[in-house]
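For reference, the structures are reproduced in the following blocks.
Shared between the two complexes below is subunit A, which pairs with subunit B and subunit C, respectively.
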Partner chain A sequence: MTEDTRRIIAGPFNRVEGDLEIRLDIAGGEVRSAYVNSPLFRGFEQILEGKDPRDALTIVPRICGICSISQSVAASRALAAAQGILPPPNGERAAAIVHAAENIADHLTHFHIFFMADFARAVYANEPWHSEVVEKFKAKGGTLVGEALNARSEFLHIMGILAGKWPHTLSLQPGGVTKAPDQRDRIRLLAIIRQFRAWAETSIFADTLEHVLEIDSVDALRAWHARDAGRGSLRLFLTISDALGLDRMGPGPGRFMSYGAYPVDGAPLFPAGVWENGVIAPLDTSLIVEDLASSWMLGQPAHPFEGRTWPDEAMADGYSWCKAPRLGGETAEVGAFARMLISGHPLAAQLLHAGAANVRARVVGRLFEIAATVVAMERWVSEIIPGETFIARGRMPESARATGLIEAARGSLGHWLVIEQGRIASYQIIAPTTWNFSPRDALGTPGPVEQALRGARVLPGETTPVSVQHIVRSFDPCMVCTVH
Partner chain B sequence: MRRRKSVLWLQSGGCGGCTMSMMCAETPGLIPILQSFGLDFVWHPSLSEESGAEVQTVLGDIVSGRQALDVLCFEGSALRGPNGTGRYHMLAGTGRPMIEWLREIAPLAKYVVAVGSCAAYGGITAAGNNPSDATGLQYDGRNPGGALGADFRSQSGLPVINIAGCPTHPNWVTETLMLLSEGAFAASDLDSLGRPRFYADHLVHHGCSRNEYYEYKASAEALSEIGCMMENLGCIGTQAHGDCNTRAWNGEGSCTRGGYPCINCTAPEFEEPGRVFTETPKIGGIPIGLPTDMPKAWFIALASLSKAATPTRVKRNAVSDYIVAPPSDRKTNLK
Partner chain C sequence: MKPTETFYEVMRRQGVTRRSFLKFCSLTATALGLGPSYMSEIAHAMETKPRTPVIWLHGLECTCCSESFIRSAHPLVKDVVLSMISLDYDDTLMASAGHQAEAALQDTIERYKGNYILAVEGNPPLNEDGMFCIIGGKPFVDQLRHAAENAKAVISWGSCASHGCVQAARPNPTQATPVHKVITDKPIIKVPGCPPIAEVMTGVITYMLTFDRLPELDRTGRPKMFYSQRIHDKCYRRPHFDAGQFVESFDDEGARRGYCLYKVGCKGPTTYNACSTVRWNEGTSFPIQAGHGCIGCSEDGFWDKGSWYARLQNIQQFGIEANADKIGATVAAGVGGAVAVHAAISALKRAQIKRQSVAENEENV
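And now, the complex of A and B:
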């Protein structure tokens, strides 16, 4: 390879959840192709086989310490479907509150701890915003790093009240939740959420959540930014985004998917669907196939009801433990921005560049989702009726095929469960980052982040290009979920 | 000024949940604790700026001795598979199995801390058929050995400190690190399974908010009911080591307060209880697995006596989701 053409094996990436390695082929000062390796295999799907289905509720949250509740919710949904039961209104709301608390905490962790720290790097020392970013977001020392950790800890008191602890609760059950909050618990939940709202409205938005959610176009976003450019972390991010062109950086596949989030009274807060070229189509999960062409996995491409997880101990063909899920043969980007787009928020479509998501869109999508979800949590808490039941009881069938489709912070999470003779015969999981960080499929189509990295700028001498880091972290990958 | 203590944090066959939990530390929070106790995370996968080549430099400096290492924290199991190669986790960017990094770096550290039950004993990653051949650092389940071997001692002469728990309470980890920073941790501070005694000498049962139901054997029959969960719902808080009910989780929680049983997550092999987690196996109506240090005959005698003496209030509440029968207001002679 010439001076201009080189290959980098970048890793370990940190400030992603779990371990990540990316091979970058570089030429002409930019990434020509990227190969994403999820280097950790644990084999949860095998662990689950043969177990009593109820034990899934203890095992699956432990797939991931940051998406723990999401894994529990997916399993409880699949088991509820197997039993043919639905939680009572209180149970739905309590589960939604607990789940939303984790998703918001994850968005908070991502922005303040994982993502912004890269703008405090020395490479940006000459930028006018650099000293402010260093003061606020420098890893381990920034003022907002500590402040956000405190806000997160206090917000997660919701878990102490409703879920016992976080991560790894057993409170989420097929028919609802195991803790029936009383009047005092309910009012305490409201106090916690209102305290969090006050912090977010000061620190992140420097505006009310409602005003932020009314921003309905890129022009309105620019005006909102310009009006008070010095206040709030979202505006600081927009300043950086304008300076570095983050609105064009890291274009994904332009196809977005959501399974729908927080169903209450038969309607989700964020709807399910597939977005492509401005059209929202209904979701059809029968079109999902996991391709194994670039995975260290044995077997044939299959729908998760038929698929299995047999690792290739020889690691002969492929470059990742991650399978490559495809919807109707195509990749899909999942996450908060996909949910925003599919829910029809008018700002979302305008955040696309040339039809694709980008670093700015993903980050704005996450922060807007914090705002929208806090508002919904306040409503759910106010609708809880202490004294009434929070759980429905069901019987586990001897055999069943059932799915649990939910939205984790990072995107669509699905559990496909087959019960035979009262035991788990098969349990297949496709996590959000399995979609976003999938390797190439049999047709050679790169996964979403592999695609997004193409064209990323590489500065002379860079060993772990900073643009690559921005793009990778803009997806908020959870590598432990990815392979599981 | 005290010398700052260097801490390297590595993650392997686990979920990262012990770090996520540690980030919930409160009064003081994680960052002020690290700062005021001079704990310097030379690299932590969730908290540090360094990525890629910068991390490899940090690791290289430790291996070469340029960077002295006070504490190695290892989160997640060590993976031996497939076939003893460790290739189920190659540390990204290094082309080397994580278990090799562990074996190279651990002997250089003054202290080695296994954070969580996976790192301590294998944990949930070793459940079922243990697909990745996961093991703890110095225990493989209950058996001494593991990735580093039963005879391993860090530079301080201590065995691996096993902060077992799934996940660990934030303060179990931060308090261990603070004690290590102060040089105030000795072999006698570890219990027989290598766990810090400051939390492992307690039982989860201590301070359980369901104590009155336990006293009368007034049992919940289904999850969400507020009675004792030992008889029917698989709770083994009377045997499980941990101070979960005397120091709260996430403000004011614990497993039992959240309405579900203690599954003994601080113990080796908790992941394979040989039964459904939320169901108590019984022989002749007597739960298998009696409270720790309790002779069986006495337990049966006391249980039948207390069951006979159970007040109606306690009996009714035990099978309800809320207190349906409040305690009566009785004039007492006690002033």
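And now, the complex of A and C:
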């Protein structure tokens, strides 16, 4: 192959959770096609089969040390559905608070440690913002890297108080939570959240959370950016985005899905739905099918209640351990930006370019979600009533089919549980990155990231193209969840 | 970076002041149970010894160990430890990507041959020639063997590397195998727990870097300073156990009153770890304090020992357990009174008291 037409393997990727490799076919200075491989498989679904259903609460979080609470929440939701119980109001709020804390912590890590560091690369040395990025975000040495890690640690004291330990809590149970916070805990929680708010309002936004959430159009965002361009990480990102055209980079499939996040009193903070061509439709999860055409998995395409996870040890006919989930036969992009769009925030639709998400939209979606979630957490804490019950008692049925559908930081996470004779007969998990980083299906349709990489610019001689780094990281992959 | 740089020089370069450095040395001395007089010894070692490089590899795992490590309690300790070990190769935190990163790993291995510490998070799956965990186109087990060949010592972070953990639960689909079953010719220090407590991780690595030797290990290879006591020995709910006051279900009156969780499956009586003293998330709490029993995540085989909600059968109820580890029992008897007073006793004090008690016991023998 000539320099103009070549094939490279990007990866192993660093600064992502887990292992990831991407094969790129390059021609004419751009990516023509991309093949995403998740090279790590552990077999959690096989391990769960035959076990006591409650054991899922211990096994499932260990799929991932980063999204551990999300896995626990999904498992507890599935077990609650199997038992036909709902947590009491206090339990719902306590679970929402720990879940939100983890999701915010993930967004923080992504922005400060995984994503921004790529703009400190030498290739951008001539850009006017380069020295500031190096000072603040250089991997391991940047001032904001340390600052964000500290803010995050202190914020995660919430986990200590409500969840006992993190990663891998045990407090989240089907009927609620085992920890009943008292008045003193409530005040401590509020103090932790307020302290975090103060840091975020200084370091990330350089404005109040409420002002940021009022930004309702791209014009308003531009005006907000221009008013004080030198302050706060969000504005620095917008400066970079304008310079590099990140608002056009990495277009996804233009179809977005959310299972709905943080249900409290019957209404989620971010609603469930599917967004396509400007229309938000209700979500029908019976349309989900996992395609195996490009996966090293045996079996037929099936809904997760029917499908199984049997690895093909011959590794024939495929290029990834990841299955290809499709909604009504089509790909869907999931994540914070999808939630923002489906919740109807007016800025979200304007961040699309040609009907698709892009690097800027995904990053702005995450930072806006931090703001919206912190405000909600303050409310949930104030609504906790110490002394009232935090957990409802249920009885595990001999047989059941139940789902736990939740939103992790990176998008829609689903657990499909079948109980027979009191044991787990089947437990299928579709993680957010399984949606975003899925391989091609039987029709040859590439997964969202594979699609987003098409057309990415590759400079002559680049072996780890920087545009590919930006696009891949804009999805914040969690590869250990993807295949599990 | 020249290989002869000392720890102190590295810290200075990273902007750590002399004052912070000395504070770190005294904190380290107490954290390791060595007493304040060791401070000057630690300071001297760090000023004169060349920095020991650390390679941190990730196999079949969930990254929870790294996640725990980066949230170590004392901000000073965290900053200093991170700059000290400077993780010559760690794929979660490092700057470079892809082939550059692979080259950086190889470079570190060659440059510091026989002189670096290999820290392993996760374990190698051996089924189908290791293909369930492929890194840079090769099975992780190959990378592990290659990196271990010239390592001075190996740290097995967490229950995956030490024991196998839940991914090795029946039927263990990938044949996930702990590190010591693959690497048999190197000193291996096991730091189990899912994940291990951050302060335990920083404590172990600081000790190794400072004194250039392994901490004292128990017969299973765990550092005694953190794993010689059971959760039960220092549990703040222990008085309820002794008084026979138990939680029967998570929504009952006993649960609200904070009674003992033994009957809802707590494995504290058979689990050796520092959770009930050091605690989690910067000393905030630990699972029992949040109302759920211990699942014994730092014990070998905890994933296949039956339900986590079934009560333990093999412990005696009152007084000192007959089947307890001998040293554990004498230590517990020696410091029991002190523990009741200091419910929130710190890691530093705990290690110190325990060490003194051991010394006293040895004198008495």
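Descriptive notes on the structure:
FYI, the second predicted complex is superposed on the first by the 484 of 484 C-alpha atoms of A that agree within 3 Å, B and C clash if a C-alpha of one lies under 4 Å from a C-alpha of the other, contacts with A are read in each partner's own complex, and residues count from 1 in each chain.
The criterion applied here is as follows: contacts are C-beta pairs under 8 Å (C-beta built on N, C-alpha and C of every residue); 3 or more make two chains touch, one makes a residue touch a chain.
Just so it is clear, the model here is predicted, and its values are computed rather than measured.
When the two complexes are overlaid on their common chain A, residue A:D182 makes contact with subunit B while staying clear of subunit C.
By the touch criterion defined above, A:L20 reaches subunit B but does not reach subunit C. Applying the stated contact rule after C-alpha superposition, one finds that A:A163 touches each of subunit B and subunit C.
When the shared chain is aligned, no partner comes close enough to touch A:A82: not subunit B, not subunit C.
When the shared chain is aligned, subunit C comes close enough to touch A:A392, but subunit B does not. When the shared chain is aligned, no partner comes close enough to touch A:V449: not subunit B, not subunit C. Once both structures are placed on chain A, subunit A residues 9-15, 17-19, 21, 39-43, 46-47, 52, 54-55, 57-59, 62-66, 68, 113, 117, 120, 138-140, 146, 149-150, 152-154, 156-157, 159-171, 173, 177-180, 311, 313, 315, 321, 389, 391, 393, 463-464, 469, 480 are touched by subunit B and, in the other complex, by subunit C.
Of all residues in subunit A, only 9-15, 17-19, 21, 39-44, 46-47, 52, 54-55, 57-59, 62-66, 68, 113, 117, 120, 138-140, 146, 149-150, 152-154, 156-157, 159-171, 173, 175, 177-180, 311, 313, 315, 321, 389, 391-393, 463-464, 469, 480 touch subunit C in the complex they form.
Chain contact summary for the complex, subunit A toward subunit B: residues 9-15, 17-21, 37, 39-43, 46-52, 54-55, 57-59, 62-66, 68, 109, 113-114, 117-118, 120-121, 138-141, 145-146, 149-150, 152-154, 156-171, 173, 176-180, 182, 311, 313, 315, 321, 386-387, 389-391, 393, 463-464, 469, 480. Residue ranges of subunit C in contact with subunit A, taken from their complex: 58, 60-68, 70-71, 75, 78-79, 82, 86-87, 91-102, 125, 127-128, 131-137, 165-167, 169-174, 176, 194-195, 249-251, 255-256, 275, 279-293, 295, 297, 303, 307-309. Those residues of subunit B that touch subunit A in the complex are listed here as 11-21, 23-26, 29-32, 34, 41, 43-55, 79, 81-83, 87-95, 124-125, 127-132, 134, 166-167, 222-224, 248-261, 263, 265, 271, 276-279, 321-322.
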